[in-house]
Amino acid sequence: MQQISIWNQITRLGGAFLQNLAFLPFVLFFGLILGILIALLRFHKVPLLSQLLAGVTEVVRGAPFLILVYAVYFALPSIGIELEAFETGIVVLTITATAYLSEVFRSGLLAIDKGQFEAAQALGLNYWQSLFSIVLPQVLKICLPSMVGQIVLTIKDTSIVSLVGMVEIVRTSRQIMQITLDPLVAFSIVGGYFALVCYPLIVFSKRLEKRAIR
Amino acid sequence: MSEVVKIKSLNKSFGKLHVLRDVTLDVEESDVLVLCGPSGAGKSTLLRCINMLEHYQSGSVEVLGKDVRSSRRNLSFVRKNTGMVFQHFNLFPHKNVVENVTLAPIKVQKIQKGAAIEIAKDVLSQVGLSDKFNAFPNQLSGGQKQRVAIARALAMNPKIMLFDEPTSALDPEMIKEVLDVMVRLAQEGMTMIIVSHEMGFARQVANKVGFLDNGKVIELTETQEFFTNPKSDRTKEFLSKIL
Amino acid sequence: MLIDYRLIYSSLPVFFNAFLETMKIALVSGILGLMIGTVVATLCTFNSKVLNAFVGFYTGVIRSTPLLIQLYFVHFGLPVLGIMFTSFQSATIAFSLNSGAYISEIVRGGLASIDNGQHEAAKALGLSWYQRMSCIILPQVFSRVLPPLIGQFSYLIKDTSLAAVLVIPELTYASRRIASTTYRPIESFGIPMLMYFALYFALSILSNSIAGRVKRRERVAAN
């Protein structure tokens, strides 16, 4: 049993945590854009595409994150695409975030009074203008708590990418644990890092919910 | 005659709001006391202190000789012997009429189910709802719900019945059916304390009327006296607006 | 050929057993989680600062840390303190504690939605705290929160996939094993994913139909 000082563990795990956080910008950005796109396509009941997207969304939402990761990591090579752990993570996290967010936005769209679209177009705005100036701001306001919730879920799911070999905070903690034989300290620090980021987001999401009720 | 309810110097505040100020009043057996007064005067709060649905800061409340606050056992005793009827009925929506009425006798008085059902039959016929045995609250009209609520309270064989604005949430057509039940109860000698705005009912049935304003008992007298010869100016003002 | 149907046919028994294992974990964890969640939710009704802080800490930790870490903590961390579990035990403990936190929030919401008059009528009739909660309040709470509880069970089923990490032969573990022995990943992962989807779909239909029935009953009552 070797000693790695607690401070050392904290710094090493902190650095590794940045790997987890590195997923966020890409995943959340594309999740948002694609999510809104899919929500709009389904909302307007575009033939063929909506049904297809609905089916894929539901299958993705019904599947455990881990099996999606395994499927992408192990199945894609058979059709010629070999992804590293990080790339697999990006793909699966984006797909899941998109699926969940599209559902959030779709219910947001359904919650908005239909008259909003019509009123905007009656005023002479074209589809895209009415979308961006009138409808989307309202939808985003309603969906904000769930969006923040999805950020939390994405951050927590990054831990699962460790299971296909990516060296992020969870895998690093297991490496440390094998040296120090002290899993409690290592895992507590990992928990601490996740809580540091996720807890404030959860509190923020709850406060947004309360404000939305008013 | 024995006092069944003795309230002495009762004070209650909700935070900074002083709702009951030094209230003292006694209720004797078979009294039918109607408490009236403007909204916010503290009438409901006073009623609810009697069975400890509200806690009070100072003073004492004795029901049937027992201090309500002194022990768990005394509180239990008081609640078993007082029945309460609420403005919004508070029937249990997931249970039908018979279950609503027999729940407390079975669970609290440990009466056998068969005997409890007999009691239910009796009280439900007293309130005129024998045919609604298996109905659920959401199938009943407001007046019927309130009558079931009265039956539910009567099933416990209480010595005192407390009514908190029993007809205030009812449509006008249904007020009479509930008041009729209450009149019969009074004629049978039940001790009743009623918070109500129904002054006609008070005049007909009550033997005492109390007027509360701003947490104080302004006047408490025999019914006749109250209506024909009120002492306080505030009472006169109130009566002139109501009648 | 893209899909080997004979392979699908021959691997079904394996996947079916794995599916049963998944259901076993989910049901045990689900029931335990429900009990934990209900108890925790009722703890909050006592208005005790200590209890509320404890509950807040418990739900906060569970909600802001990944399930994987919670699983590792129970299975690899606790043995340091002398507490050792089998893989199945660690998994169900971690999953029930996790589920319990979310269920406690759901039940708390349900408790708050019960009209205070129900509590008052029960008290006025002389019912004890336990009688009041068990006969009057909780039955109403559960019929109200059934849809979100079903949703939570749906999440739990997906969470059970992490049991694969502890080499428990549930559906996700089976998918990897079959994939690595047959080198046909599309069928190996496709079948389990369809099974997960079937469960998810069935539960969401169930949840929606219950929610619809409750809405219809409330509309009748309002009239």
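Order of writing sets the chain letters: A, B and C. Residues in each chain are counted from 1.
Basically, a residue touches a chain if its C-beta (ideal position, glycine included) is under 8 Å from a C-beta of that chain, and two chains touch if they have at least 3 such contacts.
Worth saying up front: this structure is predicted, and the values here are computed from it rather than measured.
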Point to revise | Core chain by centroid distance, with centroids computed from Cα atoms only | key: C
Revision key, fill the gap. A count of C-beta pairs in contact puts on top the pair A-C
Review point. Any idea how many Å lie between the Cα centroids of chain A and chain C?
Key: 21
Study note, to complete from the structure: Here the gap between chain A and chain B, centre to centre from mean Cα coordinates and rounded to Å, is 57
Revision key, fill the gap. Separation of the C-alpha centres, chain B versus chain C, in whole Å, is 45
Check your understanding: Quick one: in the complex, what on chain B touches chain C?
Key -> 51, 53, 76, 79-80, 82-84, 86, 88-94, 103-104, 107-108, 137-138, 149, 152-153, 156, 162
Study note, to complete from the structure: Per the touch rule, the chain C residues reaching chain B in their complex are 115, 117-118, 120-121, 123-127, 131, 135-136, 139-140, 143, 217, 220-221
Point to revise | In the complex with chain C, residue positions of chain A that touch it | key: 58-59, 61-68, 70-71, 74-75, 77-78, 152, 156-157, 159-160, 162-163, 170, 174, 177, 182-184, 187-188, 190-191, 194-195, 198-199, 202
Review point. For chain C, which residues are in contact with chain A within the complex?
Key: 60-61, 63-69, 72-73, 76-77, 80-81, 157-162, 164-165, 171-172, 175-176, 179-180, 183-186, 188-189, 192-193, 196-197, 199-201
